[in-house]
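By written order: A, B, C and D. Residues from 1 in each chain.
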């Protein structure tokens, strides 16, 4: 099935091209870039040159006229909603990796992103693109949003206890790599500045908190989401310091974890031993669409650490997007997404 | 004044040698190593060769017979207390960087370190080696303990609010470099395993918590101290997620910080702006004895992040030890310790 | 087809397990480990747990009695030849990743590895496991050696000009990651020692030079192979400073490169532009079996840099081994080996 | 003595401020920045805030009217010569860290830097700022150029054999950190692009080759200077693959090294053992003004590796500049420059 990728010069776009190059059913018929239209895909992405040899980026205008099974949008927010509206009108199915269709309310969107929503008429029908939460809805949707990478990590870390209504308070820390902020360099992203830095980008409330609290039905007053940039290119480790509403036993938690994850193709939880692997490290999911989750309960049964590790460009962006597109086109959910984690790297 | 350094082949020992090489009043008359006695200091520590050219490590027996102004012990716990006892009996002043004389109670020592204390008769007189807390006591002591590196970071992060009795609960995270676990390689410390790892070494209660709760008079039931090994060789960033007993205003906190730190020669707190520097990064203290502290208060006035950054081998070990030795010998506290942080590196 | 993997706890063994987990025709029926027999594969290799869930390492004795299509040996040299001999006698086909069957002469083996060859009777029939050089021979062999990772990089860097007999002298530098020395930590491989180090492990003649000079028919007197350990876990960049026998034009070199690589499924050469990508970076082949090669010619037409980049655990070890096994069992050469490079990571 | 620092917001400027903060005789009376005049030095350089608290950057116009003992220029080339001319006319002594006064010939300058020299009338009197080569001349000069960082590394690596006229050919590789290209981010310097990259910035002839060949009287036809950006922020390792004119013995080389370096306060050469430290690593000079040199001779006595390691911001820029300023003002050469290398870091 033909697919198009908008914003194909950025990291999420490149990762979509990487996945689709080995996807058994999807074929990239258009890598769209306004600024690089007419130049070779392989010149921008040397790691993809052998598979996209001879292929050039195409312009938005050329892309609109194609008839893909799915169009992936890896564009800046606001611009993305405008293109999405245009493609939906043209009858295309859309997976929009930007933040534009994640929040259900145009007011919330304005509050967190500071601008009016460009296409609020589509908010109601857009499905939030985490199949672990909205599998059936995604399969029926013509518009699916991508996930915020920190949101994907946080939601999967908290889901088992959040579903049980057990969270009194959660203080979440995401430790993130530099690919999260894209391929463009600014003063804070230069290697000499960013290397080995522990930069607390957001101490309290990263805007992905809006998605997390929406999807887990948590009140924002008992939730913080801090983000620290660490010496990593790819990967997110989420550590949620949870206070439970009432004392739980470890066995209760195992039950919640099994119930949440046992049937999920991409999510695992770490076993009780060895203990130094219980809090998952993103190194063990690198390059894959997998989520590792895990927890530790303090002796008092009230304080808990709920954790997860993902590859931000895969499960936190392009991987989840393809997972959704598989569902939208009736393919098996894992189609083209079973690449193994790369370790050590 | 002559000083001796026991355990001079390890990282803390090497850092003492580095400091003392440029200390205007101390001179290293003995670099003690059981295993390397008779071999060149410069062969073990190539970065020190030009200043210790011709100097060999000496044996413990040779070192005992010297008469230093201060003996620094950078030895494993338990072994350290035994040597300390021997040196105290010989009339030497001792700064013991191990954990042996940090806790006031032999029972606590046994609980946290799993062994009987080898010299409990000295616990009462030992001063905890953080001048910011015990300046006068250290100046009078003949036995001063060093500080746990994570404890030094946590205590300085929490001190202003702890002194005010304002802490209801604290969940502390220390992000630490690989030099913390010393120069010896084991399965978890190999480069291929440790590189870019986010290994949660202790999710809840690192044993330096014993020092922190003792020194800040915090109940252990409302305190956790987690440690994550990150991609760093040197440095600790401490992030304390504090819940305050009652609502505070930002102005209240500035007052507490000024009161705690304005007269301290090695401690600064970060200004209100620029905000991305408020939570301090250990890169800005690298190689120095400085402590950077900072805080952020959530809108509710109850949730706070109190933070600090230190160089674990300096303020977290050798730097604090020399600071104490300066006090013990009547020298200005900052003598030989005013090296500038190295940035970018 | 069933395959067995000996030495399955090390990095090359784990990489074989990773490849075979997604290989459409091979199935790992035995992950062999003397020390860990009876324990879970997933406990040793958390990144593989979801695919080898429930599988334990087996003992050598149990593995000998299996009837695999191919046995992969990722064992230390000397031990490897002994097991290989035993398996060949039992009628198994063997790919031996150790150095034991790379050199054609038992004398050379003794010279470079310092010990007598344990099974010299098999040297004559062993094929050197680089299909780019010995495709037909490998397809017929029952014993194929793996490649030295630095040798694989160097041979592919030099092949186009070496085949043309154009090399007067070559001074080769390989910059290598820490996974090259395996999963075991020693004094030189601890993170605090190895991090950001530029350690010239071998200034002149790494022992992989024996393979390179054998395979390219170069005299050792005009060849050096230096190895520098750099801040990398996975990957080798080979930079060969070549002096050509006679002046060549750039067009001559393009012709040699096209002739050498145009039909090879895993080898590419970098185009003339952009120039900053001409000398290939191992980041662009990470996790894949690909080889990137490239060259630069000085104005005098005599001095040349010939370069390559590989993933040492893939094309430099497990990837080449599976490529050979595919040939030995009549499968398409690229079977199970078309994973895409992971970038950025 | 008062000094001024022009270009005080960049890395070389910050490093000058760092050194001068602890220099016993120099005092920074002006940190000059056109763009940041009037803002706090400590806001731009958090690691310097405690020593330059209350100090603001000043404008060029304000700086010209000061009467410093020395003015340091850490400005882009071309702009630097223009300022230098203005300051010389005003009677100030100048150390210009840019490339403007390194080459003796305005033609050479135009060839390598692509622009007309803005103040050729000063070329004749400018001293090349490496005291190891031009100590007496620098002490008399009113205008001293800084050194190219790669040139400083290469010159010190080659000096002992170059002085002996023993070099037939040299192929030099410098492996460099990201601070070399300054604090400004561009497409190639973003962390996600630069992290762990092995980017061969210049395969053959970096423009610092002009300085090297001038200072060592080497013909450019037998000299190449390649530069590879590696995963490092600070530091240069220079590896020169030298072919000697005639066979030398190891003892000959030791003699040349002793003769070249025994009286130099900042240069050491590595001893014969341990061999893995013979080729120096920049980690062992980090943060200091030291140079480590070393060599290895192949068995044939003709092929040699001559090597060096420096901190590019110290001996490769600000450290050498202060060393020159010490000489120009009659101070001891090492004044304020005896900081110890920081290891491990």
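Rule of thumb we're sticking to: a contact is a pair of C-beta atoms (placed from the backbone, for glycine too) under 8 Å apart; a residue touches a chain by one contact, two chains touch by 3 or more.
Chain identities (UniProt): A, B, C, D = N-acetyl-gamma-glutamyl-phosphate reductase.
The shown structure was predicted, so the numbers you read here are calculated from the model rather than taken from an experiment.
Common neighbours of subunit A and subunit B under the contact definition above: C, D. A centroid comparison over C-alpha atoms places C as the chain most distant from subunit B. A repeat of the A-B interface exists among B-D, A-C or C-D. It is C-D, with more than half of its contact pairs matching by residue number. The chain pair with more C-beta contacts between its two chains, of C-D and B-C, is C-D. Averaged Cα coordinates give subunit B a centre that lies 35 Å from the centre of subunit D. Per-chain CA centroids place subunit B at a distance of 45 Å from subunit C.
Chain centres here are Cα averages; for subunit C and subunit D they lie 40 Å apart. Within subunit B, contacts with two or more other chains are made by residues 11, 179, 192-193, 195-196, 231, 233, 283, 344. The touching residues of subunit C, when paired with subunit D in their complex, are 171, 173, 175, 188, 192-193, 195-201, 203-204, 221, 224, 226, 228, 230-232, 235, 237, 239, 241, 276, 278-279, 281-283, 296, 298, 300, 303, 305, 307, 309, 344. Every residue of subunit C that touches subunit B in the complex is listed here, in rising order: 11, 177-179, 183-187, 189-196, 231, 233. Those residues of subunit B that touch subunit D in the shared complex are 11, 14, 18, 21-22, 43, 45-51, 179, 233-234, 268, 270, 273-274, 277, 283-287, 290, 292, 338-345.
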